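Please see the structure below; I have some questions.
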Amino acid sequence: MTSEALPLTARRAGTHRLSPAQVIGGLAVLLVVAAIASLSLGPTGITLSSLPRAIGAALGTHTDAAATREQLVLLDIRLPRTLLGMFVGASLAIAGAIMQGLFRNPLADPGLIGVSSGAALAAVATIALGNGIAAPLLRPLGIYALPFAAFFGGIITTMVLVAVAGRHGQLMVGTLLLAGIALGALSGALTGLIAYASDDRELRDLTFWSMGSLGGANWPKVFAVLPFAVLIALMAPWLIRGLNGFLLGESEAFHLGINVERTKRAAIVTTAASVGAAVAMAGIIGFVGIVVPHVVRLLAGPDHRVVLPGGALLGAVLMLVADIVARLIVRPAELPIGIVMAAIGTPVFLHLVMKRGIGGME
Amino acid sequence: MLTAHAATFRINGKTLVSDIDITVPPGKLVVLVGPNGAGKSTLLRLLSGELKATSGSIELDGRALGSFSAAELARRRAVVPQSTALSFPFTVREVVMLGATVPGFTSAPEHVERLASDCIRTVGLLALEHRLFTQLSGGERQRVHIARAMLQLAIAERPDDAPAILLLDEPTASLDLSHQGVVLEEARRQSREGRAVLAILHDLNLAAVFADELVLLSDGRVAARGTPAEVLRDDLLSRAYGCEVRTNITPAAGVPFVLPHAIRNR
Amino acid sequence: MFFKSTLYAGVACLTLAVSLAAGAIEARAEQTIVDAGGREVKITDTSRILSIGGDVTEILYALHVDDQIIAVDSTSQFPGDALSKKENVGYLRALSAEGVLSTNPTLIIAAGDAGPPPVVAVLKSSSIPYIQVPDDKTPEGVAAKIRFIAKVVGREAAGETLAKDVDRDFALLAEQRAKIKSPKRALFVLSVQNGRATIGGANTSADAMLKLAGAENAAAGATGYKPMADEAGVDLVPDAIVTMQGGPSGPPTDGIMTVKALAQSPAIKNRRIIEMNGLYLLGFGPRCARAARELMVALYPELALKRASTAE
C-alpha cells in the first residue's frame, strides 16, 4: 500500500478517496510482485533464474538431476501453490465483500456468520464418509468431490441465513449474528458427530485440514477450482450494480431498478462457490473476508465497482504474502497459514476498528 | 401519470388501505395527509410498485404497474425514503451518485458527474459534498436523498419518455424551518417542470402552503380530496384525526405563531 | 615394449582395483527394495537420510547410522539428540514438500502415517528414494520393521541382532504374562478436556500395549480413540489408568482426577495412575517390549523380576 493510503481519516472538510484506477492499478502491480516473490522464494533456495532449466526438464531437453529438482520445486510445488493461493485469497475476499453488501453490514464475514462452517461441515463429511456411506455419490466426482460438497454446504447455510435474518428489508444485526452463531454451532456439532464416527486416520486429516494450509497444493487441485474461478469471474461483475443498490436497503434497491430477488440469488451462489472452493482446498482461513474489503473501502469508497475487483486483488496479495511467511519462518517445517493470517490480520483489524470505527456506523 | 383505481391492500388478515382512487398528474404536487396508521406509507409503496395491490389496479401511463420491470420503473419514477440506515463510509457525493445505479443507461460519466453536482448544489449541500454521510444531521441526510432522486430522474429524462414521477415519504420529517422550505420548494419546482409529484406530509400547515391537491387519508380510505381549502375543514379533520380540530383560529393574545408561508430562505 | 606392457598391465590392475573398490562400496548401498506401500524403490546413496516417524528414528539410532541422518520430524523424540542435533521438518502428518526437499536428503525413510497425502505424492514423484516403513503394531511387526530398516541402510547384521533381542524380550514378556492369574482392567486415557476423557478403545496402539502388558482393556467396547460418555464411564471400573506424560497443560493426573465418571473407580480410589512417555509407550519401536514390561510391572508389582531385559 502506498503512503497516500495513510492519511485517510475524515477531515473536517471532507474525505479523500483514491481513484478506482489508482487502487486497482496499484493492487495489480502489488499482485504481480507478490506472485513473483511467491515463485522465487522457498526453503530450497531455488530462484526464478532456474526457470528456463525447469521448463527444459519438463519438456525433456534437460535431464540432469538439478534441472529435475528445479522443475519439481518451481513447476510442481510453487506454481500450483501460487495459483491456488491467489484463488483462495481472491475468492475469500470477494465472498466477504458480497456478504457485507448483501447484509449491509461491515462485520459480515463468511466465517463469522457460519457460511464457512457449513462449507467445512460438508467437506468434513466428504473426507469422513467419502469412503463409506457416501462413496457411490462422491467417487464419480473424483477430485471435484470435495469442492463441490463444500460448495453445496456453503449454499445451504447461506440460504438459511438469508431466510432467517434478511426480512422486511431492514436487517437486524442482532438477528444476523445470532443466526450465524447458531448455524456455526450446529455445523460444529455435526462436524463433531462425524469426527466421532470416523477413524483415527480420517480424524487426523480433519484436524490438519481445518487449520488452513496451502501445503497440499498441486495441479489437480488447481484444475478442480478452475470451474469455480470461472463462475465467480462471470457472476461478480454482474453483482456490482445490484450490491451498490443494496447499500441503501432492499426497498431503495428496488426503487433504483435493481431486481432484488435475482441479486440475492446471484450473491448466494457466488458466495457459496467462493467459500466452498476456497475452504475445500485450503481449510478455514479467517480475516481475509472482513479485513480486505474494508481496507479497499477505506481507500476508494464503498462502490462495488472497486471493492469487488480491488478486494480480489488485495486478498490474493495477502494470501501470497502470508503463505511466503508460513513456509519460510520455521523452515524446513511449515506453519498453518490460518495462524499467519490471524497474526497479520488481528492487529490490522483492531487498528481499523479503533481508528475509524467499523464503517462509520453509529 | 400515476393512477390507482379501487386499490386495496390486505396482509395477515388486516386491511391497510381499501378502495383508494388517486391520480398523480404531471405538473401537480399532490400531498397526502392523515393520522398515523391511516395507510399513507402503504399507499406510497403501492404507488411505487414496491407492494402489489390485493385488489384494484395501479397504472403508470395507462399500463399496469406490475407489468413494468424494476429497471423500467426506475427510469420513470424516483422515491425519496423517510430514512435509511447506512452502514458504510459513504460520502455525500457517493450517495447521490447511487441515483445513477439504475440499469440501462449509457450516459457519459462526465455528464453524470455534472448532473450530480447540479443536484447537490440545488439542495444546498455543495460544501458538504465530500463529508461522510454518517456525519450529517437528519435533515442534511434527507436532502442528500432528494438530490439522489433528482439525479435518478435527471438521467432518466429522454425526449420520448412520459414525464417522470417523484414520490416523497415524509421528506420534511427531521428538517428544521429553513430546510423544510427548501425541500418543498424543490418538490414544487419539479412539478412545475412537468413531473408528477406526490409527497406525504405530517405538517398540515406545510401541506396547506405547497399542495396543489390535498388527499386526506383516514383508516385506509380517502376521507377527502381537493384543494387545501376544501380539505382542511373542521369537520373533515376532526373526523379523520379523532379529536376536535378548528381551523383558521389565531391563538390567544400575546401567544405567537410561526407558519411556513411566512418563512423565507435567504 | 616390455615397458609399455608393464604400463598397460599396471593401468589395467589399477583400473580393476579401483572399480572393484568402487563396486564394493556401490554394491553395499545400491539395491532395489519393495516398500510397505508396494512400490519398488531403487536406493543408491544412504549418506543423507531424512527420517520421518519417532519409531523410525529410534531404530536408525539403534542401528548406529545416526550420523547419516540429516533431518527428522517433530515426533522423533528419542533419543534426545535427534531433535536437538538434526534439522526438524515439522509434524509427520503436516510436512512441507519444499521444506523436505530443501534438506537435500538422498534417502527418505518414512512411517506410513506421513502426510498430508499430496505432499507425500510430490516427494514420491521426486528423484529422491522414498521408502515407506511397514507398520504392524505387534511384536512380530516390531522385529519386521527393524529388519526392514536395517536392510534399507545396509546394516542387516546389526538389524538381525537388534531384532533377535526384541524377539527375546517379547518371548520373556509372554512368559511373565502367562503367570498372571487374574488380569486387571486398565484404561488408557489419551487426554482430558473440560472433565471429559478421550480413551483408547479396540484397534489402537494403546489397546495392543495393554494386552501385551497382560491387562484387559476396560474400553474394549469402543473402537479407536473416543470421548468417554459419562454414564458408560461409570461402568468401566478400571483398576488402573494409563496415560501419556504431561505436556504444556501440566501433569495429566490432575486432569484425570477431574473426570467425574471415573471418580468411583478402583484406579482413582487407589491412585493407580500410570504415566509413561508417549513415544516410549505407543511408538512400537525397539523399546516396545521394555515399555510393555514396565507397564506390566506397574500393574502387577508382584511380577517385578530381578532380570532386566536385553533390549537397548
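In this document, chain identifiers A, B and C correspond to the written order of the chains, with residue numbering beginning at 1 in each.
Keep this in mind: a residue touches a chain if its C-beta (ideal position, glycine included) is under 8 Å from a C-beta of that chain, and two chains touch if they have at least 3 such contacts.
Everything numeric here is computed off the predicted structure, so don't read it as measured data.
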| item | value |
| --- | --- |
| Chain contact topology (line, ring, star, complete or other) | line |
| Core chain by centroid distance, with centroids computed from Cα atoms only | A |
| Chain located farthest away, centre of subunit B as origin (C-alpha) | C |
| Subunit B and subunit C: spacing of chain centres that average the CA atoms, whole Å | 80 |
| Centre-to-centre distance between subunit C and subunit A (centres being mean Cα positions), rounded to whole Å | 39 |
| Centre-to-centre distance between subunit B and subunit A (centres being mean Cα positions), rounded to whole Å | 43 |
| Where subunit B touches two or more other chains at once, by residue number | none |
| Touching residues on subunit A, where the partner in the complex is subunit B | 10, 13-17, 104-106, 170, 241, 244-245, 247-249, 251-252, 254-260, 297-298, 301-303, 356, 359-362 |
| Touch list for subunit A against partner subunit C, complex | 42-45, 65, 68-69, 72-73, 76-78, 196, 199-201, 203-205, 208-209, 213, 215-218, 221, 327, 330-334, 336 |
| Interfacial residue positions of subunit C with respect to subunit A in the complex | 71, 74, 87-91, 93-103, 113, 115-119, 121-122, 125-127, 204, 223-227 |
| Contact set on subunit B toward subunit A in their complex | 45, 48-50, 69-75, 77-79, 81, 84-91, 94-95, 97-99, 101-104, 129-132, 134-135, 152 |
